[in-house]
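These are the structures in question, set out in turn.
In what comes next, chain A is part of two complexes: it sits with chain B in the first one and with chain C in the second one.
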Partner chain A sequence: MTVDISLIESLDIFADLKPAEMEQIASLMHKTRVTEGEVIARRGNSAHTCFIVLSGNFMISFNKGRAITLHNKGDVMGCSAFVAPFNYTGTATALTNGEVLSMPGQDFLSLIKSDPALSDKIMKKINEIISDRSPFLTGDI
Partner chain B sequence: MVNLLIEFLSNTGFALAGYQNIIMILVGIVLIYLGVAKGYEPFLLIPIGFGVLMGNIPVIRDFGLGIYEKGSFLNYMYYGVMHDIYPPLIFLGVGALTDFSAMLARPSLMLLGAAAQVGIFSTFLGALALGFAPNEAASIGIIGGADGPTAIFLTAVLAPHLIGPIAIAAYSYMALVPVIQPPIMRLLTSRKERLIRMEDPREVSKKEKMIFPIIGFLLCCFIAPGALPLLGMLFFGNLLKESIVAERLARAARTSIIDSVTILLGVAVGASTQGDIFLTSKSIGIFILGASAFAVATASGVLFAKFMNLFMRQKINPLIGAAGVSAVPNSARVVQIVGQKEDPTNFLLMHAMAPNISGVIGSAIAAGILWSFLGG
Partner chain C sequence: MYGLDAISAHNGWQLSALGISIVFTGLMILSLIIAQIHKVLEFWDRKHTYWQRIKKLVRRKHRSEETASDLVLPKNVKESTHRFKLLIEQMGEPFSLPKLLGFSKKCGILHSRSSVNELLRAKLIIPDGNGYFLWNHEIEKNIKVSMKTSS
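Right after this comes the complex of A and B.
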């Protein structure tokens, strides 16, 4: 499904982008419905796609039984698609029916070519999310 | 009836296959695996890998099936490789996709793209010393440019018999950028250097971006007219992108055209690697020299960045020199990854795009120069 720019505007992660940049992001995103119990990313698998929650509840389970749940519009899953070593560090499962936006990592590579400044902004946002979540990965909580 | 059955069996691939076909089929499967499971350049390795499988199905000679048999389907696809049709079309798409503003914001970083081309010329000399003919040595050296279409472009005119191994080596090493480059980058830099933060580049005006493809084209092609097909299409594609008024053409170039040509190029190059032609001692030499070309190119970029720092007030992070090999944007992303390992809040991606894009232009110019010297 194609993505409307107003949807991109409503997401915190893209809040500080210019309208032209939002349009570019919208062209790379795909809206997908997910069903309860569906595993959308599996820990250890090659991270091909990043997901942004639009609706529904999700759980990301890391190793040693650690897990977080995501309920808010704009929450991000599959950040590993953008950072080395490009393997999912957690398994993301839909706890309820819902909708996500997805962006393939390959499209992000194209974005680096076509607009390095925009990809830099996104990398910084993703980095913030990863550093927020790193305690769950390292167990320092 | 028995005779018919025997004849049928003797015409199957099982009876016709040689050990070379089996080895190459395994190589094809490995390439597909790297693309699918590891995510290494999937858009390139999957078509090439499947092409290798197609090219190594043993077929009865003179049935018009093999890639080297005139009139066969694969032969028509291969025509675009041998006559340098595909590489310039890929460059058209690359031009229509690429934002040159990182390079225009800080033109001094273009020198890093030029420095990385040392890998091409040093490998050229190395290959000559090892007994390769000059035209073959030039085609092997261009692997150091880390640009598949450029490698195919030059090899098609200088050493067409080596297209298979050179293309496979070039694309494999491009896919293995995240594996090959980091150890060299870390070896040649201190932690203090890897921690250097760079100033945000200035904003580049729309006018600058629009004028650049014209000035860049004229300048580069006057320096190396041999690079005309590649750079002409690269800058033309970029003009379509930046002019805005031709956005529909730019979109076609960066989506449907480049995707279609990538499929044709990948499958044709893969299929050209028939076991009996590909598995030779020359191919092994090409792979070893190609790896050294790549390593030298990476090292040259990093070392030149350190050299530039001797004279610059605002120091540059020498890691970005490694992006001077083309492989856009993978090598820029490797710079980002290596830099972030030292300091997760340091973002080098944008800065690395400047030498990265310069590397594309630099390797095309190098190809043009080698062609003009050796192609006559």
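Right after this comes the complex of A and C.
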């Protein structure tokens, strides 16, 4: 399913982008439906894709039984697709039926390599998400 | 009377000073407005984004104002709540959410994930901030009270 630019505009992670940049991002995105119980990313697997929640509820489970739940539009799963060593650090499971935007990590990295301004805006937000979640990975809370 | 004397006699110097100050004040105001035009244009370009942000803030405010008594659990979740509570009591608190889901599946609770999600949304299950979860006894009391008063 193709993605409309107004949908990209409504997402916090892309709020600072210019319309032309949003169009570039939209061209990489695909809408995907998920069903209750579906595992969309598995810990330890190669991280090829990042997911942004459009609807539904999700759980990301980490090691030692730790987990966080995501319930809001714009929540991001699979940031590992943008960060070396490109392996998922958590398992993302759909708690209910829902819809996500998927974005191939390599296509996104190619795009931001050619546009440093875009890279700055998005990677800043992705780093914030990663630093919020890193305590759950390491247990240093 | 001619020349400078005539100018002085008819307040010419004061009038010209006033004229100069009016013109320069006007130019200053105009330059300040022009200097801010990029902000207005940026706002206009991104009006949809700002509108979405306002809507999101309003939604968040409504969500935070939501009280336990406003929460209505679906009937099937009310039934499974007791079973989840027993499981959590067995596991001890704080508990691991993935483990709770694993146990509930073994116990044959149908749609355990969506039921747990309802309990999360109703704030009956709350995160402890360390990646584990707690059973919210306060909300449980409120829900029991609201169930009693409604029946």
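By definition in this document, the second predicted complex is superposed on the first by the 139 of 141 C-alpha atoms of A that agree within 3 Å, B and C clash if a C-alpha of one lies under 4 Å from a C-alpha of the other, contacts with A are read in each partner's own complex, and residues count from 1 in each chain.
The definition used in the following text is that a contact is a pair of C-beta atoms (placed from the backbone, for glycine too) under 8 Å apart; a residue touches a chain by one contact, two chains touch by 3 or more.
Given the structure is predicted, the values throughout are model-derived calculations rather than measurements.
After superposition on chain A, the partners chain B and chain C are accommodated together without colliding.
The partner that reaches more residues of chain A, of the two candidates chain B and chain C, is C.
When the shared chain is aligned, chain B comes close enough to touch A:D120, but chain C does not.
Of the two partner chains, neither chain B nor chain C is touched by A:E23. When the two complexes are overlaid on their common chain A, residue A:S46 makes contact with chain B while staying clear of chain C. Contacts of A:N57 after superposition on the shared chain: chain C is touched, whereas chain B is not.
Of the two partner chains, chain C is the only one that A:A94 touches; chain B does not reach it. Contacts of A:D4 after superposition: neither chain B nor chain C is touched. Judged by the touch definition given at the top, the superposed model places A:D132 against neither chain B nor chain C. With both structures placed on the common chain, the touch criterion links A:A67 to chain C but leaves chain B unconnected. For the pair chain B and chain C, the least inter-chain C-alpha distance in the overlaid model is 16 Å. Looking at the complex, you find that chain B touches chain A at residues 37-39, 42-43, 94, 97-99, 101-102, 178, 254, 328-330, 332-333, 336-337, 340, 344-345, 347, 349-350, 353. Those residues of chain C lying in contact with chain A across their complex are 45, 48-49, 52-53, 56, 96-99, 101, 111, 113-114, 116-117, 120-121, 127, 129-133.
In the complex of the two chains, the chain A residues touching chain C come out as 6, 9-10, 12, 15, 18-19, 36-37, 57, 59, 61-62, 64-69, 71, 93-96, 135-136, 139, 141.
Across the complex, chain B is touched by residues 46-48, 83-84, 86, 105-106, 109-110, 112-117, 119-120, 123-124, 127, 131 of chain A.
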